[in-house]
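After this come two complexes, each holding subunit A, first together with subunit B and then together with subunit C.
So, the complex of A and B:
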């Protein structure tokens, strides 16, 4: 376990010290800050608008960070030959990849912590309420989504070059919700073979919108002062199923990555 | 040397590519390195040195044959537990400080935090990087990175060291420092196996030399045995009348040239014995001359000879 942690820490140190991570984070924070200036126009529903934009930025920026960071872990190690002294130590390739994954997830946690601090400060500043339970579930499910994206990026980086892996990972993330809507829309219009293909797509590709509770978090408001919320937190069985759903995809992607990585001559 | 085998390679074949584009980088080599030995692995570029060493470390996989390190199959965690390894060219994480990097590598070898705190400053000093622990590696020169590489290789006091291109990137001072480190490790009984282009280094450090050419081992001998046929010691002398040629000299078939004898001897010990015998027999030594070819001369003739035997005709 210590080896996994040591490798993870090196990934986190890289994520924190490399300037491009800060560019994403700072640009996103700037955007969140800019949304708050809308207050000057006295627009109705500002706090909802703020929550919506801030949570979207938070999710997109963290997902992009995770995809870029995860996709380049292995190619960079091969290219810079930093992998040789590391794998010469008494650690298995499984431990190495697990450490990399943990490091990427810690970096995702770092991004969410940073964003959350700003988001909560903004929420407090605007004086609007926030369903704490839903927000916690939103963060938790986002982390599950990041786990799926990170393992997917690992797999892609072992199947293609770095640029292609980042592009494909980002495109899949961006189009995931559209893709799933399109599949359900055209399902009735295609023939038998098409139906099988669409069904396979639905099963084989993770449905990322399932991990997005931002809409509920944005629109959850108290009906009366101190009364019920318009949206409540998800129940435990639903959360467990979503966790299992994400874990299965992450395990499959990680397993395939490991299979390729263990056989890869360096 | 008859210690326990540390490295055992049997009939190793490594091929790259597929189908018609297969390249055989290593072609059926067998090799043993025993405990406490210092073995130099030399060959021209593309001879198969790095491929062999990468197979030893489990970075690439044998097409055929077996490779074992400390009795375990190469590439397993167990086989790497007692090894320190320096890659041919390695860059280290530019975003890390030297201390952090050594903490990472030492930690992966199971050293505790307190051990690391104690060892890292000493180690940095040993490799000539004293006071550089807090410097980011992006500010390190190639030579400094190589020194750091040596530090990470020896951080856990490994029983065996495997260095791929030993002094690559080091300036003369760096090479000298590295030689001191290796001599210290050698005298402490560590097993050392390294490839190098610096043949003088091989000559001065190694007990045994293994030469590889086009994927095959062409010479495997102790440095002394290898150098023996490369040296020539000539003596011109006059024998007193009626005295018999001493056997120590006669064995080397001296030739008579106008009353003076001329003999050529290859082994330094034989040469010393012959001179002593001549002196004892009352011979008058007119002149002595020595011609010593270096390992480098031998290596160059080996590579250029095409058949890989350097014109010696053997591969002992």
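So, the complex of A and C:
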């Protein structure tokens, strides 16, 4: 466990030292700040726009950070030959990969912490309401999504070169919602074989939009009459299902990555 | 082989060097003003399979805003765009994709609020230039304003405009529903994945009544859209319309500022001048409003085909808007300066167009001062 933690810490320290995270986070914060400074017709209490832009930036910036960071871990170790002294120590490849994964997830958590601090400060400044339960669930599900993306990036980096792995990971992330809509929409128009293919695609590929609760978080508002929210937090069984769904994909991708990593000649 | 490659390279280089000449061949004619798009055109475009699959992924700011508007007014729920192009092609009118239970018609319905012969939100007459019988819709200032509004906005937008943030409508369309983009449980082949999507995304059973929320939250999107594309005339028009609907002097002045920014960026878009006139009337600055309506009429007449026929650059919505601009100019002239001045102005406009039945009718009513027409052309009918 200590070995996992040490490797994870080194990943995080390296990510912070390379200042890439800072650049992504600062650029994103600059964007959020710019949005807050625009005067929207002197109207007060406009919060959906701010929430939508801020949550979108948070999600995209963190996902890109995770994909790049995770995809780079193993190729870089091989390229710089730093993996040899590490594996010469009594550290198994499972421990090594687990440590890398934990490091990437810590970096994701670091990004979300920074973003959340700014987002919540902005929300307070604008005096707009935020459904705390939904927001907490949004963060939790985003972290599950980052886990799936990180393990997927590990796998891709072991199957292809670094640039291709980053590109494919980013493209899959960007198009996942379009893919989900497309499969659902064209299902009725294809033949029996096509239906099987689409169903297989739906089951075999992780449906990343399921981890994105931002739309409900954006549109949750307290109704004047009655005081209830237009959208409420998800119930426990749904959260458990989502967690299990993400964990299965993460476990499969991690297992495959480990298999390839073990077979990789040093 | 080497020589061929050398010749090809030289040819490519020569073409590249002469390429700056190409723009000289482009037409220098300025782009005519116009709304740019109609609400039905946007609905139709966004009802296509590809558009539905893309969701909010757009490079076209107009379509992106259309989708945003639909989602914001429904608390984020993605309903299928409400257009049925087949029905439109068959009947010549646009019907929303709403379903009614079998046997439900005017004779069986017990809901007094339900108008079975209503024209709902897309009640456009697409033959304004030739019809002389549809004059009820153009005989009063209020009706003209309503006509312009209906061309610019959907019924949902007009309904939501009356709401304040936090307010919702309990819109009980018990006898009709619009499908959601996310499938219902009965139609979903994806099992638990579909179930999770319905839980995670804003979704509501389409059979339940729709609940619309206030549209003010959309205003930043219109602001951003016009900042990114200052030629987005429709963005200026709808943004100003939302602001005007806030019905406070401060927001109406903001609407004026916004529309004037639009005019500065699109001086030939006559609809912007028309909207400016409406805003100025709301501010009770009638003299300036008249100037705006007249400017809109002048620009519109210059852009209108002489016979008013629809074409690629002139739609029924352009025709509605120019009708409003011309008739409002005449009506306000009549109310402020008298019948003779209005008649002179009307004749002057008429002389610049081959056909324009609504104006013919108004001229006839102005020429007969003692006879009050069935409409209220002679009455001072400010909204």
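Some notes on this structure:
By definition in this document, the second predicted complex is superposed on the first by the 258 of 266 C-alpha atoms of A that agree within 3 Å, B and C clash if a C-alpha of one lies under 4 Å from a C-alpha of the other, contacts with A are read in each partner's own complex, and residues count from 1 in each chain.
The working rule: a contact is a pair of C-beta atoms (placed from the backbone, for glycine too) under 8 Å apart; a residue touches a chain by one contact, two chains touch by 3 or more.
Bear in mind that the values here come from a model prediction, so they are computed numbers and not experimental data.
Once both complexes are superposed on subunit A, the partners subunit B and subunit C fit side by side without clashing. In the superposition on chain A, A:87 contacts subunit B only, with no contact to subunit C. By the touch criterion defined above, A:6 reaches subunit B but does not reach subunit C. Remark: in the superposition on chain A the angle formed at subunit A by the CA centres of subunit B and subunit C amounts to 150 degrees, rounded in steps of 10.
Look at A:14: by the touch rule set out above, it reaches subunit B but stays clear of subunit C. In the superposition on chain A, contact of A:207 is made with subunit C only, not with subunit B. Put simply, more of the residues of subunit A are touched by C, taking subunit B and subunit C as the two choices. This overlay, made by fitting chain A, leaves subunit B and subunit C with a least C-alpha separation of 36 Å. Against subunit C, the residues of subunit A that register as touching in their complex are 38, 40-43, 45-49, 141, 177-178, 180-182, 184-187, 195, 199, 202-203, 207, 209-213, 215-216, 218-219, 221-225, 230-231, 234, 238, 241-242, 245.
Subunit B contributes residues 54, 57-61, 77-78, 80-81, 83, 85-87, 89-93, 95-96, 100, 103-105, 107-110, 149, 152-153 to its touches with subunit A in the complex. Contacts from subunit A toward subunit B in the complex involve residues 2-3, 6-7, 9-10, 13-14, 17-18, 80-82, 84-92, 265-266.
Chain contact summary for the complex, subunit C toward subunit A: residues 49, 52-55, 57, 71-72, 75-76, 164-168, 181-183, 189-190, 192-194, 196-197, 199-202, 211, 213, 216-217, 219-221, 223-224, 227, 243, 246, 250-251, 254-255, 258.
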